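In what follows, chain A forms one complex with chain B and a second complex with chain C.
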Partner chain A sequence: MTANLVNVLLGGVFHAAILFLVAAGLQVVFGVQRIFNLACGSFYALGAYTGVSAVGFFTSHGGPPALFIVPLVLGGLAVGLVGIVVERGLLRFVYDRDETFQLLLTFALVLMLEDLIRMTWGTAPVSTGGLYLSYGQARILGATVPVYNLIVIAASLAIALGIGWLLTRTAFGRIIRASADNRDMAEALGVDMRRVYVRVFTLGTMLGTLGGALVIPATAAMSEMGIELIVEAFAVVVIGGLGSMRGAFVGALVVGVLRSVAISVYPELEMLLIYLIVIAVLLWRPRGLFGAAAA
Partner chain B sequence: MRSPVALAPVVLAVIAIAIVALPAVAPAYYVTLMLPFMAYGVVLLGLNLLFGYTGLVSFGHALFIGIGAYTGAVLTTHAGVRHMELILPAAALTAAVVAAPVGALCARYVKIYFGMLTLAFGMVFYTFLLKFYRLTGGDEGMRMLRPYLFGSEWAGFSKTAYLIGPYYYFSLAVLALATLLMWRIVRSPFGLCLKTIRDNPLKAESLGVSVPRYRWYAFMISAVYAAVGGALLAPPTGNVDPTLAYWTHSGNIVFMVLLGGFSSFFGPLLGAFVFIFLQDTVMSVFPYWRLIFGAVLAFIVLFAPGGLMGLFARFRPAEVGRP
Partner chain C sequence: MATTRREFLKVAGGAAVGIAAGPAVARAQAPKGVPADPVKIGILAIRAGIAAPVGAAGLRGTEWWADRVNRAGGILGRKVELVVEEESTPKDTVERYRKLILQDKVEAVIGGISTGVTLALGPVAEEMDTPWLSWDGTTQKGVEETMPKPKWAFKSVDNEVEAIVAGLLTPKYFKGIKTVAGIGNDYSYGHDCWETYQAVLKRYIPDVKFVLELFPKLGVTDFTSHIAAIQQSKADLLMCSFWSGDATIIMKQAAAVGLFKTMKGVFTTAGGVHDSLKKEFTPEGLLLGYNTMYFDDPRGSALLKQFVREYKAKYNEYPPYECDHAYFCAESYKAALEKAYAAGGKWPSKAEVVKALEGIEVDSLSGRRSWREDHIQMCNFYQGLTTHKNSYDFVTINPIEVVSTKTAMKPAGSKLLEWINGWKI
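Showing the complex of A and B:
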């Protein structure tokens, strides 16, 4: 009984750890650039596929399997640099446009990235095989949990703390918060908005691609994984409140754990429950649990 | 030289004659491609009442396409109702019943919150279709039996003959009726109120227009249109499945409206036509149509926000403005 409960909860927290990374990327971009980036799920998929390829390259060149996490993370972070291209090449032209057009431009990215992934990696699912278990299993309260899952949960927590530190303790973080708060004033005080936008968007992209890379040893990469995850990340940020990092953290836990519990108790409810909560939150607290006062 | 405005009725008449005569002259394949065009045409006329005329962008409108399509499937396979003349009103009614509460809740919001709420409602319906296997058939969906048209079973017709014959003209009749009705709606005082709400909600409110109520009406009308179009979409494939209600489908129909031009009455119809035929052409030479279409969408957003109609409309004053 306890073992089962621990399994369900840890499964939920693992999913929450990944969701947090993608949702954090969505939040930081929305907070500063006011763009709801539908493509952050596609970045997640891109990170996943790149992770598989990086690990494959590493092991086929004689890298020790136990170190597979190194190329995985490096690959995930490196492909996040595509954010620079996307921001400079597309998004910077629409900052002063109606948000409908901003949303549709990120939808265009979703379409393009989905097929770029299909062209590069094919349509069949790809995975890293059994590497996942090279860190062994841990026994917690009678439940057997892959150590890799615990590493990911710890890494996500560390990144959450790191983002908190970045936002509150560094000059760059203060600039980000000032730009999110009042763009014109920040600009008047000498902040170079172009550089802030590129950096923030790249940071957001890297969080998404890293999330994708980290999840992949535990599952398989499929070309639809991006458009499926974006609606979950969407639920996370709505529940937590658009633009709020603390909201992304709590929202990810709520969605990850509730989904996991629903699957084990009444599978039909799975995401249905999450979307019902999203609707309830939007109706009663449109700015989310951690957003500013309701509109 | 005659002005483009005076030319418009001539162009419309030529297009109408071409569409009526098409099954007699064109290969069956292209005639069947016209069927999704006409179904989406009905959907988009409604969607544009919300998008172009009221200024609200729904990212969950596939919900109502799904409702229309599943209403048809349930009626033909489980209830023994085969007459399309009964299925369409039933789809419209079901959509109205669902849209009444959903629209009342969504109409309180605008911009990104409206989009998010409609997306969430759409995903509720999608996950319901996907997960409640025994009711909905899950990811395999449900069969849609060939409906009777104009009171006849068309039993002697092969599937293709049925589709390019009676079904083609039935769809065309529905599209024509839907177009005429929408033309009346947008030109009525009600339509003018919607445009006022889009351009200046505060002014509309102070002139005595109840803004949320009018948004709600527009939402209901567009939902009914989407359901009728959704019901028309199902018979050619003979099957309905949950992807009809998925969020990317909602995104695609907004894309179609933008492609044709949301600021013109006929823009959405042009958008549906170009989308369907361009998709078919691209897919026949290159399997990755989304790559091309994503690039097209990005191009429209960046350089031609008025869509294809916007490129023609430079010659005349804009009929409706930005959302």
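Showing the complex of A and C:
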């Protein structure tokens, strides 16, 4: 009984860990740039594919398999730099346009990145083979849990704390929060918005690509994996509140664990239950659990 | 003097005719009544999304067939020319299908994988008066046939045959099964396979209990929670009808918690991604289905062995079954043209080809395959227990069970569940 409970809960928390990274990327970009980045799911897919390639390169050049997580994380972070190109090359032209244009642009990005992935890695799913199992299993209260899942959960938690620290304890974090609060005032006080936007967007992109890279040993990369996740990320953001980091954290946990419990108890309810919560939040707290109060 | 566009086209056209005439002249014993221009065949292949690898395999099989036929002088001396279009949504694919016939003037259309698409293509094929041979798509709504007496449409084997074969083999290989859990994709194929598998198994093990059914959406990449639910169900056996990357993923995530140490497993269709089922995470002793072609069949024909060898050399992969569906459709079309020509002495009309196709039997990659009189493919299905004893880094099967659609597919005109429940066991 406890073993089952542990399996179900940890399954949910593992899912939440990945969901949090993608949703956090979505939130940080929306918070500062007021752009709802549909492409955050594509960055996740891009990170996953890059992760597979980085690990493949590492092991084929004699890297010890046990250290595969190093190229995985580096690959995931490095491909996040594509955020600079996207921000400077595309997004900066639409900051003053209607939200519809911004949504259309990021949706175009989703389609382009999907094609780019297909051209680069082909249409067949790619994976890192059995490396996932190389860290073995842990016994927790009678349940068998893959150690790699625990690493991902720990990494996601560490990143959440890191972002918290960045936002509250560093000068850059204060600038981000000030810009999120009042873009014009921050600019009037001498903040170079151009630089803030590039950095924030790259940070958001990296969270997504890192999420994709971290998840990939446990699964396989498919070109449409991002679209699958973005729908859940929406639910996370609505539950947690748009633009809020704490919201992303709590929202991801709610969605991940509820999904897992639903699958165990009454699988037909899996998606329905999540959207019932979304509707409830929209009715009682339209701005989400941690959303800013209405001005 | 500047060359006008019209003049240029004339010259270019003349050159093209010259090129086309070359082989026609060389072909001194061209059969009488056969046009000299190439025979155009339209191909529909999925290019994007989850089924893209399946579409690619079908296309590769077709191209290999066309190369082989053209090297041997074509069909009745006419070169084969493939016009490839994409299979995507039902609406767009129907439009491309019409374009192939009306604009490209193809003599037949081959291809179609998703039953969602081919269900829409069927009636269109009937009204366009052109033969259509489907690789892997049916005109089934659920498990019931919607076009029992088609004229132009030739359809794949019934969707649920591999579930039936697995249902027949389960009691043979796994003794004492009392409880079964099932997981499949949340669309018609997944649900139909599960329903059919249950119906078959109940005939052999009347007191079997089905304790859990999970239908994740197509494209889900994290089954950790599903596996937790499967563990919790404490079923003796898991039946899974995944056929794409999700089969690989669930296998890996199941291995990570040791699921198959205590549970038997039946993967009806995972042979579609067979070379991704690495030994590291795929245990021995699972029942694994390869649909209609098993690449490593020691009793396979010389044709199969040559195909596998050349496919590996060209794509660095081992071919999945879709190649065989595609090869069979193309090869049977060729055989029908030749048969109708032999009867009529001239290049046959489309209607004559369709008549000739009915009941025709040819050598495909997997062996002899044929078209039943009601335009459904007849073939063998390959399933067996996974083994690590091979030279690959992925599992193969041993023993290999070969089950014909003569035993595992409902006869023309019958209702699936009535047919299963009427078996004498």
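Criterion: the second predicted complex is superposed on the first by the 293 of 295 C-alpha atoms of A that agree within 3 Å, B and C clash if a C-alpha of one lies under 4 Å from a C-alpha of the other, contacts with A are read in each partner's own complex, and residues count from 1 in each chain.
In this section, a contact is a pair of C-beta atoms (placed from the backbone, for glycine too) under 8 Å apart; a residue touches a chain by one contact, two chains touch by 3 or more.
Predicted, not measured: the structure shown is a model, and the values here were computed from it.
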| item | value |
| --- | --- |
| Fit or clash - chain C, chain B, common chain A | clash |
| Contacts of A:R118 with chain B and chain C, given as first, second, both or neither | both |
| Chain B versus chain C as contact partner of A:P267, first or second or both or neither | both |
| Chain B versus chain C as contact partner of A:A213, first or second or both or neither | neither |
| Touching partner for A:I159 - first (chain B), second (chain C), both, neither | neither |
| Which of chain B and chain C A:H15 touches, first, second, both or neither | second |
| Partner chain(s) touched by A:V28 [first = chain B, second = chain C, both, neither] | neither |
| First (chain B), second (chain C), both or neither touched by A:I279 | first |
| Touching partner for A:M225 - first (chain B), second (chain C), both, neither | second |
| On chain A, positions contacted by chain B and by chain C | 114, 118, 227, 267, 270 |
| Complex interface listing, chain A residues touching chain C | 4, 7-8, 10-12, 14-15, 18, 114, 118, 123-125, 127, 129-130, 132-133, 137, 144-146, 148-149, 215, 218-220, 222-225, 227-228, 259-260, 263-264, 267, 270 |
| Complex contacts: residues of chain A adjacent to chain B | 36, 38, 90, 93-94, 97-101, 103-105, 107-116, 118-119, 227, 231, 234-235, 238, 242, 267-272, 275-276, 278-279, 282-283, 286, 295 |
| Residue ranges of chain B touching chain A (in the complex, touch as defined) | 57, 59, 105, 109, 111-113, 115-117, 119-121, 123-124, 127-128, 131-133, 247-248, 251, 254-255, 258, 288-291, 293-295, 297-298, 301-302, 305, 322-323 |
| Residue ranges of chain C touching chain A (in the complex, touch as defined) | 47-50, 52-53, 55-56, 212-217, 219-222, 224-229, 231-232, 244-245, 248-249, 252-253, 255-258, 273, 276, 278-281, 317, 393 |
